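Order as written gives the chain letters A, B, C and D; numbering starts at 1 within each chain.
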Amino acid sequence: MTDVAQAIRDTARRLLADGRVDVVIGFEAGTLPLRSSPCFVRDAGDTDRLVWNMTCENNLARYLPRVEEKAGIVAKGCDARSIVGLLTEGRLERERVYVIGVPCQGILDRRSIERRLAGKEIVQAQEGETEVLVRGEGFEVALSKEEHLHASCRACRSRNPVIYDTLVGDPVAEGDGADEYADVREFEAKPAAERWAYFLAQTSRCIRCYACRNACPLCYCRTCFTDVTQPQWLGRTTDPTDTLVFHIARALHVAGRCVDCGACDRACPLGVDVRKLTRKMEKDVEKFFHHKAGMSLDEPLPLATYSLDDPEDFVQ
Amino acid sequence: MTPLRVPKQQVAGLLTALLDQYQVIAPVEEEGLVTFGRLGSPEEAVLDYRNARVSPKGLLFPQAEVLLTYNLASERAELQEAPQQQERQVVFGIRPCDARSFVLLDRVFEGNAWHDGYYLSRRRNTTVVALACPRPGLACFCASVGGGPFSTEGSDLLLTDLGQEYLLEVVTDKGAALTEAWSEYGEAGEDSLRRKAELQQGAEAALAGRVEIDGIDRRLKGMWDDVFWERLHEKCLGCGVCTYLCPTCHCFDIVDEGSDRQGQRLRLWDSCMFPLFTRQASGHNPRPTGKERWRQRLMHKFCYSVDSYGEVGCVGCGRCVVNCPVNLDLRHVLNEICSDRTHQGT
Amino acid sequence: MAFLCHWCSYAGADLAGTSRLQYPPNTRTIRVPCSGRVDPLFIIRSLLHGADGVLVAGCHPGDCHYLEGNYLARRRFALLKSILEYVGVEEGRVQFAWVSAAEAGKFAQVIAEVTESVRALGPGQRLIKSKAKETL
Amino acid sequence: MSTDNPYLPLLARIDRVTVETEHPSIKTFDLTLLRKEDEGRFHYLPGQFAELSVFGKGEAPFGIASSPSQPGVLQFTVSKAGLLTSALHLMERGQVLGIRGPLGSPFPQEQIQGKDLVIISGGFGFTTPRSLINYILHRDNRQRFGELTVVYGARTPGMLLYKSELNQWRHRDDLRLHLTVDTAEDGWDSKVGLVPDVVREVAPSPENTCVLVCGPPAMIRFTLPVLEDLGFPPERVLVSLEMKMKCGIGMCGRCNIGNRYVCKDGPTFTLAALSQLPPEH
């Protein structure tokens, strides 16, 4: 991991020194255990701030549409897929971005680690080869990184960036071809009443902070449907019907575009299972329209095109 | 009044007694997440917690509340004021930082010429039993912003966990009234008081110097055009996590829900971090970017609040620090403002 | 709530009327220029505001006045229907049909069937504030 | 129903709707309180505003356009811009809306009294200045104030508000009215040009004179330097500001400039006070 970080720093320094980019968007060390933080480096002398580890949980592609300078960006597999999305949707010109691709081992799910520790506070965390060592008042545990991978990383089938100008680090093995949507299938199999109860409970926790939306690289609408007042599509309260409808409509809006980076899920302060909805849409898009988002610059957006033999058994 | 000692095995009895007379709000756990919820039975209370993810401000200032209902459909057009809370509630086991946040909210909603009855009626009917904080969290900095892990500001009673028992101290008359019926608890001895003092000392030592904000209001006054603001917000997502989880943020919006004939008017939390917060119908926005919005958030809490109330509008609970999706750490921002290298001029 | 395409289903409804075909009077019609104009948010909002069922009717594949509006709509509706049923909104609250301007009989039949199936589901509650919790 | 709940509007009926401008985007609504018992619960002075409710759409603040010297008249002039004003523009005589206020501080009469006054206004910002002009011109009040000069500009003659009143004022000898438009039309016999330029041309001596500036942000921005050039001290320049407001009572937190709330501490500030606050409006 450390040599990847060094390679990122070297690349960033070179790009900035040569004037090929104005800014490099990467990660710097976080201020809390298991955290890192997005950072914007503009000075070639300042690139030592950059880090790379399994806590680099944000999707940096999110910043690209609003950065006006020419930007280098540290992109793991999902960030790269989002960049493909932004390019396809005309939100970004290819010349304006220099992609420093980083094959990704997956990102740790800090909530899962917190749950494992049942409320005990982590004071220090140290990432090893296969384990992460966490310490706190009166405890020290080594946890398997594999076990605490974020769910989106466990489902990931393209950890190696699909687009890059330079690749830093060696390609990693991709996830196996086993049932990619087992999680969705399992949930679909539950009785409707149970699913309904689940979503109502989940969205009851939502506080409408919009961290999920704002963390998403593809939620770039100038005015989000939820902020539109003429007409007002949905209520603005935290009543579960309002929050559930917000999450349903958001899932529909990112359907066919969502690359399941999991940034929305990790951003949610209340642990709402946002991915439960976006995953379902991802699976449907693949099943119905044979499209996987973020994999190719040549394919049109699935909801901006059609095929004569699209499913229509639901139409009378 | 002499402090009392409440053996831990008697806490359930105490809560049961409270539940007979009051609505009791306490930390409860749901799917590993501690929140403040209405207690059904004593065993639901989780008192060995650090702090709840969401602050208790919603207990006095709910995220969505009805102000009035309107009915223009009937023959006589009518407005009906939403009933203000009459039920007495005990907020049990919140941390001193959160209890102190109530004092800061009081100042806003007490207003001058106008008073906010919705908030104030809840506040009047609320008794706060705080739980001292012997082991402050990593991101806590209450002691740096005028509070402390054993502060009693905003509390009516203060409990301290001494291991086998709680030390119970009366802070206000309201708190004393609550304890009147509690004859079964003995007076705390010297030992208990000494133990508390030790815990307090330890906690305060742990918090010492975490954030240094001496004179921050004066510094901020000179920083309106500082380049500091240009980059500060760069990584910010512009979401409402910091403000919605904050126990002292009080900004709100007023909206109608219903048709033009029948419906209700609601008050909803709003956030200075949202672009629409200040955007006028004409399209003009005095705070058009994250730069102005971050400046407003910091100025409001650490400068304007000092001007208006003599204190910063932050209790150092650390929620915005822990939960920021991009780890934009307020403690570091404050330290930077107060460090001399920040001021690079305009 | 019925969203009818101006070029086909709406005309089909007209023809059903002039042909004096009987069908249940339970729908509120909104004429749209194309089924492709129907944003899923229209449907969701209808449900939020108390519609017990929503029908979108448009031109048969290949017959769209704008060539491909109904094909694009078909994709959107497939996802909308799927996600609503996934969260537990009853199957049948949202329905789709292709009805041409000449198919007065089909129009009457679709309305009858939709009305009947929605009636069988009972009043829509799941997306209605204040009622949602009663559905648990 | 408690009378001290600051969030409860009074109900009012629309008695008359007047289209003010050639382009029908600005209308004046005459209101009457619906309940007899509410009469006397709405005492205002020029410069104050109120929150109008269009039920189902919400509330928005509007300066009070009528003057308390006109008994029984309560008027608001509304430009159609967003959700609420669009809905308000669709309302007709007889319909009911809510009115909450009066809110904000009146124009500081104690400061203006006994002095000459220049009122500078533009466009749709002429509502509360009009209230003050009518107030001053009332025979019971006129002698308390000195000479009155009004500079009022609009894009075109058709976009001027309160045209019949303007016509009456033109013929009064206790008021000097200077109308100006950006673009003249046939028959226009007043000035053509921007408000700040007209101010420079017609402003009286700053001695013992107050100025009230009320209009769009750009007009304010370009007028203030002119006033400075002309020697008006910032203590005697009053600026009326617009901000997005909700509660109107300094609690909801959105209309602050520095530590002052435009709703509660304003909307009128002296230039001297404003210069102590951050330039964020």
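In this text, a residue touches a chain if its C-beta (ideal position, glycine included) is under 8 Å from a C-beta of that chain, and two chains touch if they have at least 3 such contacts.
Quick caveat, the model's predicted, so the values are computed rather than measured.
With A-B and A-D as the two chain pairs, more C-beta contacts join A-B.
Nearest to the common centre of all protein CA atoms is the CA centroid of chain B. Computed centre separation for the pair chain C/chain D is 50 angstrom, with centres defined by C-alpha atoms.
Mean C-alpha positions place chain A and chain B at a centre distance of 31 Å. Each chain gets a centre from the mean of its Cα atoms; for chain A and chain D, those two points are 50 Å apart.
Shared contact sites, meaning residues of chain A that touch two or more other chains, fall at 235, 237, 239. Each of residues 253, 255 in chain B touches at least two other chains.
Taken chain by chain, the contacts fit none of the simple shapes, being neither an open path, a ring, a star, nor a full set of pairwise contacts. Chains that are in contact with each other form these pairs: A-B, A-C, A-D, B-D. Interface of chain B with chain D (complex): residues 67-68, 70, 72, 77, 79-81, 108-109, 111-118, 224, 250-256, 258-261, 263, 265, 267, 270, 272, 277-282, 284, 286-287, 292, 296, 299-300, 303-304, 307-308. Residues 40-41, 44-45, 48, 61, 68, 71-72, 74-90, 95-98, 110, 113, 126-130, 132-133, 135-136 of chain C are the ones touching chain A in the complex. For chain A in complex with chain C, the residues that touch the partner chain are 188, 192-193, 195-197, 199-200, 225, 231, 233-235, 237, 239-242, 244-245, 248-249, 251-252, 255, 277, 280-281, 284-285, 288-289, 302-306, 308, 310-312, 314-316.
Those residues of chain A that touch chain B in the shared complex are 30-33, 35-40, 58, 62-63, 114-115, 118-119, 121, 123, 137, 205, 207-211, 213-215, 227, 235-239, 266-267, 269-271. Across the complex, chain B meets chain A through its residues 31-34, 49-50, 53-54, 63-64, 135, 137-139, 231, 234-235, 237-241, 244-245, 253, 255, 257, 266, 268, 271, 274, 276, 321-323, 325-329, 331-332.
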